[in-house]
Amino acid sequence: LRLRGISRSAGLPPGILGSEPDEHAHDTTINLFNFNATEVLTESLSDADAACSSILTEKTSWMRITGFRDTATIQKICEGIGLHPLLIEDIFNTHQRPGLEASDDSVFVTLNSISSVGEKGLSQLRVSMILTNNCVITVEESPIDLFDGLVDRILKDKGRIRKNGNDYLAYAILDVLVDGYFLVLEQVSDQMEGLETELAENPDPGLLARIQSLRNQMLMLRKAVWPLREVISGLSRDHTALISQPVVAFFRDVYDHTIQVIDTAETLREILSGMVDTYLSSISNRMNQVMKVLTVVATIFIPLTFIAGVYGMNFHFMPELPMKWGYFAALGLMVIVALGMLTYFRKKKWL
Amino acid sequence: LRLRGISRSAGLPPGILGSEPDEHAHDTTINLFNFNATEVLTESLSDADAACSSILTEKTSWMRITGFRDTATIQKICEGIGLHPLLIEDIFNTHQRPGLEASDDSVFVTLNSISSVGEKGLSQLRVSMILTNNCVITVEESPIDLFDGLVDRILKDKGRIRKNGNDYLAYAILDVLVDGYFLVLEQVSDQMEGLETELAENPDPGLLARIQSLRNQMLMLRKAVWPLREVISGLSRDHTALISQPVVAFFRDVYDHTIQVIDTAETLREILSGMVDTYLSSISNRMNQVMKVLTVVATIFIPLTFIAGVYGMNFHFMPELPMKWGYFAALGLMVIVALGMLTYFRKKKWL
Amino acid sequence: LRLRGISRSAGLPPGILGSEPDEHAHDTTINLFNFNATEVLTESLSDADAACSSILTEKTSWMRITGFRDTATIQKICEGIGLHPLLIEDIFNTHQRPGLEASDDSVFVTLNSISSVGEKGLSQLRVSMILTNNCVITVEESPIDLFDGLVDRILKDKGRIRKNGNDYLAYAILDVLVDGYFLVLEQVSDQMEGLETELAENPDPGLLARIQSLRNQMLMLRKAVWPLREVISGLSRDHTALISQPVVAFFRDVYDHTIQVIDTAETLREILSGMVDTYLSSISNRMNQVMKVLTVVATIFIPLTFIAGVYGMNFHFMPELPMKWGYFAALGLMVIVALGMLTYFRKKKWL
Amino acid sequence: LRLRGISRSAGLPPGILGSEPDEHAHDTTINLFNFNATEVLTESLSDADAACSSILTEKTSWMRITGFRDTATIQKICEGIGLHPLLIEDIFNTHQRPGLEASDDSVFVTLNSISSVGEKGLSQLRVSMILTNNCVITVEESPIDLFDGLVDRILKDKGRIRKNGNDYLAYAILDVLVDGYFLVLEQVSDQMEGLETELAENPDPGLLARIQSLRNQMLMLRKAVWPLREVISGLSRDHTALISQPVVAFFRDVYDHTIQVIDTAETLREILSGMVDTYLSSISNRMNQVMKVLTVVATIFIPLTFIAGVYGMNFHFMPELPMKWGYFAALGLMVIVALGMLTYFRKKKWL
Amino acid sequence: LRLRGISRSAGLPPGILGSEPDEHAHDTTINLFNFNATEVLTESLSDADAACSSILTEKTSWMRITGFRDTATIQKICEGIGLHPLLIEDIFNTHQRPGLEASDDSVFVTLNSISSVGEKGLSQLRVSMILTNNCVITVEESPIDLFDGLVDRILKDKGRIRKNGNDYLAYAILDVLVDGYFLVLEQVSDQMEGLETELAENPDPGLLARIQSLRNQMLMLRKAVWPLREVISGLSRDHTALISQPVVAFFRDVYDHTIQVIDTAETLREILSGMVDTYLSSISNRMNQVMKVLTVVATIFIPLTFIAGVYGMNFHFMPELPMKWGYFAALGLMVIVALGMLTYFRKKKWL
């Protein structure tokens, strides 16, 4: 959980973007899809004015903006559709919680798309979506893989997306993003299965770090998805004029998925907490096993060494020493003592 | 908790079933029960059209569909009664939360039937129920044993089921499914009793895995039943025209059972958490017991070996060595030291 | 927490009692108290018809039914006053949560009376109460000791019970049952005081089992009393015509007691959780104490044995061996080493 | 948490006080303060009738009753102002939760004043306050020190108390009682600071008991103050005619303090939970430190003793034994081995 | 968490400040900023009357009072604008929770500004803000660094602050204060990253104290910010006439930030709890590692010493002793035993 930069704007006036662009930001590209049931027009644009004028009112339009390098252009487009300055700031503020601003003219949704990047943890990407009467605009921090399937569905006319309007497109975008959380859950759950096997067979110290990392991922996911609940609930209930009645049912479906994500994340987190206990117990069991065997070995030899010590004493009168079979009797005694102790330990199940 | 496949539909259009049937799905069979107080007609059908036309309006009708292999037929039947495409998808989506969609024409309920499969954990089966004016349709992922008793009650005219309408039948189906959760709780509670005895007598490392497994089962059960609470509460409150006033009381009874399941699952989970503590303490006690005895043995022999060592020294002038009874005195000293230490350890309750 | 039988009715039609009576059930007896300010009539009845006809409308009447053996008679009486079949089933279902069904004709309350049975845990008894216009009927799984004081108050005209109507009698019955929970809390709290002393003085492994058992008892108590909160809150708020305004104040008092029980049970449970920590730490402290002393003993003798070993070597040229005072010097060295180590350990507070 | 007596009334009729007075109760004294901006009249009374007739309607009046010995007189006074029998019982029931009964004629508040009694824990005293049109009556289980300052303010005309009416007096009394909880929090927080220093420097086993005791005190405080929240919220919202609008603002201030007490108690409790962890870790660290040093000592001498053992063997042909410098070579070898091991342990940071 | 002084006012009349000023309080200074889009007038004042008369009604005015030494002047100013005595007390009560009092004439907000003071913890400073028709007054316990940026924005005309009225100024002040919490979160999160590295590489006992200190800081932050939620929610919802509709959107933005602070603090706290587990496990792993190696060393030498002991016995008839190669055979046996044990330990992964 990196928070560096969360307070960047402390002391700065709100709603005003930094004047110089972020060097590390992804290059900004603008793709516009104008489509209806019969055709798709794809355009790649670079200019704010061109972008706005290319939207075809009679078609379903998706303007997909990726990369935060050219903030000026993005800001110009957003101002062009009348977005509040605070909302424009939210588009770029990667530490902002998911939020919804709905009016009869526009619906603004901002959230974080989360994807798993192997063992290292989760990566968050800022995505905002603006639904207006004419089009759906999405702004991504950097290109999100989840949208590839959606673009494919538009281009190849799979499903209903080409036959529906902007509101259905907005739904399809949110649906894909929420499905992304399921992907993360699936990957975490896959890793957990692996961990469980390792826990049983070979609990090594690195395991705890991995369990804790997954647990922290679930915390982050919950933090990201929890406010989304309200956002999507708002979309499926508030009946903004921009979303038609039949599409509201689809938003309710996304809402159910969101709740499902939260429930599952919580359950996984609780199972991971149980795994921490199991890990600690497992490590301690292994250690105890080692210590027990070693201690038993030591304990068996100590009395034997004592016997040897007794017959190593230099007293002048020790009746056993001159006996012919004394040495062998002593060895025999040692064997008997050792076997007796072994038997006792076995019976007590210490070995 | 296996989540593989939860995100299968990411990138796919919603509401559209995969075109090819799942190879591992259970074969689809359709059984139709038309009955009233005086007679029962049982039919086995294989065709969607035949199925719909065989429903007798003047009788109580239960169409029981089992197995997800032939999704096309199931989809056709559901479309025939006017079900929303998203709900049809929910029928097959085994990772979906329980849900309710009630209108005056139909009531759609989907949930997961849970059964215990021995020590390995729980198995979930998707069950959906559609109540319409003419019939009750159930769709099961694979045949659910809990329904055997219900079929028996219909065939042999036990209880009130034959004398009541479709709403009572819907209640009876839900009641049987919720009773199934009690069966799981009972089995878990039985296993817990066994565990408690083992915890006291013979805590072995496998025990923790079994406790955690039961704890995870309770987490899963809660996750499955928690949303069911709202579903059934909706049925007993919303007064859809399809459920008559006298039958609402029965749904309220099922609601109480659901709450009871949740309460009991929570209590069992908290007791299992306590058992984890007891297990850890028990293991540690046993280990300590072993270590203590072994350490005591070592501690007693160390001073004895020291005495033997002293009289094993080769100094030319050691007054004790030439003494007639020196050896026996040394042995006596050793016995006294050993007994003294034993007494001290006993008094301190270290043995 | 025994759940055997909780799912007994799975597959059976609801609202229908098993045909054969339970062999282990307590014998059914029916006692009827008809009383007013001036006189008490006590009758012992065995027949359902006789029971119902013996209720004197102009008096306050309490029909006390104990024992579940003769379910047929109990069912007949309950049907006689028009109770819903599901509620009649609830009377006998010992695993059902507490519930309330209030109409203007009757108030039905079912709950579990809990009593402590020494160290073994809690025992639950099913009690149901039906308040009608003419009488109060109680059905107990087996005779509840808590009612003895109430019978005494009726017979000896203590307090206001003889001067009030059926609604006040219903209140008095509930009040006595809720006071029974306080008795359990008191006994648990007494046992906890004993445990605290033992924890400090002599923590033995059995202690944990007793702490956990008390903790589980608090969990059970909470599970039993939590839904009671709503039940009694319903009685003190819903203003059924059967309960007069002045008596509602008394029900509110019982409600406060119920909340008090829940609060206290929660607090006791949290204190018990703290005792588990203290126990584990206490056990570990004792163990550490033992190990430390034993290890110190071993550590002191090991260097001494080494010195003895050195002078036990058989080198031909060892200058110390032929010395006159060599032996005593060696012994002296050993004493000095031992004292030095003891001093060091003392200074470090390891002893 | 002593609960003995909590169920005393089980089986007794409610609202009826035990006939014989409690031997251990504090002697009952009645002090009446009649005051306005210009004068204060102080009277000490012993009779219920005299007490009631001494209240001056045109002045602000505080009747302060302390001690539960003479329950009859207290009961008589309370009945004189028309208090419900159940409320009179609440005055004496030290285990009752805080409660509020407000009508347009009177406001009845009952709560527990909590004070810290050194290390042993908290002591609870029952205090009830009745606000009527003419006066404020307080009934204390035994004299509460917190009221000394209030009496002083009345006698010496500090602040606004003499210039205001009964409602402001009632506020001042509650304010003083709630400030008493802050005193407890302050004392607990002071003890915690001491504990933190001890934790770092010298964690001894008694420390845990003290941490747990403070934690239990926070649990008790929360249990006592949590319901007070609703009580005072009720006073500042319900607008009983007895409390004038300007004084409501003061009650809102007390409400804020109550919330502050709850928040602080919760925070302290969570910090104390953290201290339990720190304590356990601290104890375990110390123990490990000891064990490590001792084990290292043993480990260094064991190989040395082995070398001595080798040259203590009695084989006839051992080439080293007859060598002139054999003994010193052996001693040198021992020194080298010991130094080598010490260096290794140092490098590994085991010493 | 220092609470000394929290109960200072117990027994004192509310709303009345102590007569003598606090010696340790910061000197009081008053700065007044009158500004509009075109000019800024800055004045430094020392007198209450002068302060109030210098406010220019037609401009946006910020009166910034810092330091609690001269309570009389501050009180006079506050009384001048008609603030309730209880609210004036709240300005100086550093233990009071954040609060809001809004009317159509004035909005009073009081809260604690929190800043991190390195490793030692958090420091709290009391800040209150009063928004009236004519001006915004802030009272700081001592100068808050966060305001420097704000002053800079006013003087250098950055952003919109100069172009807006008092309500926007009030928003800007709250925004800066809430951003201060983000700074704390950022610093804590930075320290946590450092801790995580140390946890993995070199867990020393001081680490736990630092983790617990951060955890307590998160508890304190939550305690400070949690009530702020309601305060700012009140400002963005209640529509006091003093805050114009466009500015309400800005307050909603601050509200979102506040929720974000709470969410993040909770998440950090849960991650810190996980770090405590990791620390404990890490310490225990290191210890186990040491103990294991040492025990293995001891265990290898014990059988060797035993063999040496056997051939150190003084029996007259020991066939091995006179053998020519006996000594070397014995040494060889020792080497074989040692190697065998090493191999076994390696195979078992104990080394």
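Read from first to last, the chains carry the letters A, B, C, D and E; within each, the first residue is number 1.
By definition in this document, contacts are C-beta pairs under 8 Å (C-beta built on N, C-alpha and C of every residue); 3 or more make two chains touch, one makes a residue touch a chain.
Just so we're clear, the structure is a prediction, and the values are computed from it rather than from any experiment.
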CA centroids of subunit B and subunit E: separation to the nearest Å works out as 43
Subunit A to subunit B, mean C-alpha position gap in Å, rounds to 26
Note: subunit D residues in touch with at least two other chains are 284, 291, 295, 298, 302, 305, 309, 312-314, 318
Contact graph of the chains (line, ring, star, complete, other): ring
In ring order, starting from subunit A and passing to subunit B next, we get A, B, C, D, E
So, in the complex, the side of subunit D touching subunit E is made of residues 146, 148-150, 152-153, 158-161, 172, 175-176, 179-180, 182-183, 185-186, 189-190, 192-193, 200, 249-250, 253, 256, 259-260, 263-264, 267-268, 270-271, 274-275, 277-278, 281-282, 284-285, 288, 291-292, 295-296, 298-299, 302-303, 305-306, 309-310, 312-319, 348, 350
Residue set of subunit D touching subunit C in the complex reads 1-7, 9-16, 84, 86, 95-97, 99, 205, 208-209, 212, 215-216, 219-220, 223, 226-227, 276, 279-280, 283-284, 287, 290-291, 294-295, 297-298, 301-302, 304-305, 308-309, 311-314, 318, 320-327, 330-331, 334
